[in-house]
């Protein structure tokens, strides 16, 4: 059994992220996945980039598969650093820039959110709106 | 030109399909895609099979890529018939059993819906609830 | 968090399956996976077929992804039947012949076992030795 | 001729690596492969990252496929150096950071070990425990 996030909660997180994406006027693709990185729900906002369909899904996958926020992976993966080459491992699913975040309950990762569609700072901003909503719901 | 369906409409179709899935007590994965077969929205209902994540997405893809309902492909793909072997073409994305349907406007395919999670008859039943909702919205 | 099977238990199941494989004098590849079909442990017995590395892994994946024993999928997937074409969906990971089994606890699938290396009847025999061991450990 | 390592030896190397992983309190995925890079045995320790399943397997593959320790590949693969781009060749299986090692007998590579799950320095530390065990067994 996978302890996961109910679909209803997943779509609430996506709604919160979509609201933020509308505020900053940048359509995004938003994915919520379970703790094994498999999809629970994914929405592509009208006008969001096609590439973001895979990128948001893979950000959610990466946050589960390496149990980290994806922006934490960038520096170590640069040429000359210890994980240089990380982004081409694991069948091309590892994303090493920001926008993927774990969702935790009692210190355990029970799901993840991945957002793609704008500058990385915008992706992170929108994903964090989903993470914030998760924390409100968890209180 | 790629015709598409707004995300808001896509989630309405998914809601209608989910309602039907609950009525028949069979959790499903439901995907709505655009006329190029690319994802607009996908929901995995709580308890739906993992394999259905890919299969529902690929049913939606197939309905767009071959401009047909997927159950129309089964017979022609059988040994001895004209399209025998179809299901292994196109990078493994072609699904030849039921549950994928085009969504039309004025005789043009503008999107598709794909459902997976039960017996094929159930997948079709649930997908058709989404198609019915599309037709209501189009009137 | 994935409620899964500890590695120690997984290797006990593999040991039981290996014992049976030795009894019938047929080297096998044996995989134990978690409830999302991801690997916990895999052993290739000396002399087992190379193809069985992927096949045993995919039998374990299939048992998780469709929540079934893989031999249950054969009939429905034959030409003319409802799931004809199933075996080429889901990125080629679906195996529709015997040797993959769910491992249950309190009615929930918490893992799977997949065996490949001989005739299907032998694969099933060896996998069932692993399932039997699971049931003994669960008592 | 494909040289290989008996399954029994492979699991001994994995045991030695697991012992070291427990000492440094970092769960790892450990793979032993034959001289063609194909799996003999793989264990995912409880709590090890999902991504490490593929990465450890591919470190073992790379050590066989290029007949080298994977950490030897990093520098040459950096921009401006002779093998820049190496990591995206060979269907995404090449890993260019540390944790994959050849296992030699009489100067011939007869197998490999790949470890993933922590910082690269930890992966190497744990993999080297497996290599050390190999050398003890070979004496």
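Observations on the model:
A, B, C and D label the chains in the order they appear, each numbered from 1.
Throughout what follows, contacts are C-beta pairs under 8 Å (C-beta built on N, C-alpha and C of every residue); 3 or more make two chains touch, one makes a residue touch a chain.
Note that the structure is predicted; figures quoted are calculated from it, not measured.
Taken over every residue number at the interface, the positions common to chain A and chain D amount to under half, indicating a different-residue contact.
Of the two chain pairs shown, B-C and A-B, the one joined by more C-beta contacts is B-C. Averaging C-alpha coordinates per chain places the centre of chain A 31 Å away from that of chain C.
Between the Cα centres of chain B and chain C there is a gap of 29 Å.
Here the spacing of chain A and chain B, counted between their Cα centres, is 25 Å. Shown for chain C are the residues that touch two or more other chains, namely 36, 38.
Contacts from chain D toward chain A in the complex involve residues 49-51, 54-55, 58, 74, 77-79, 87-88, 92, 94-98, 119-121. Residue ranges on chain C touching chain B, taken from their complex, read 36-37, 62, 64-67, 79-80, 82-86, 88-92, 94.
Only residues 4, 6-7, 11, 38-46, 50, 53 of chain C touch chain D when the two sit together in their complex.
The part of chain A that touches chain C in the complex is made up of residues 1-3, 34-36, 38, 108-110.
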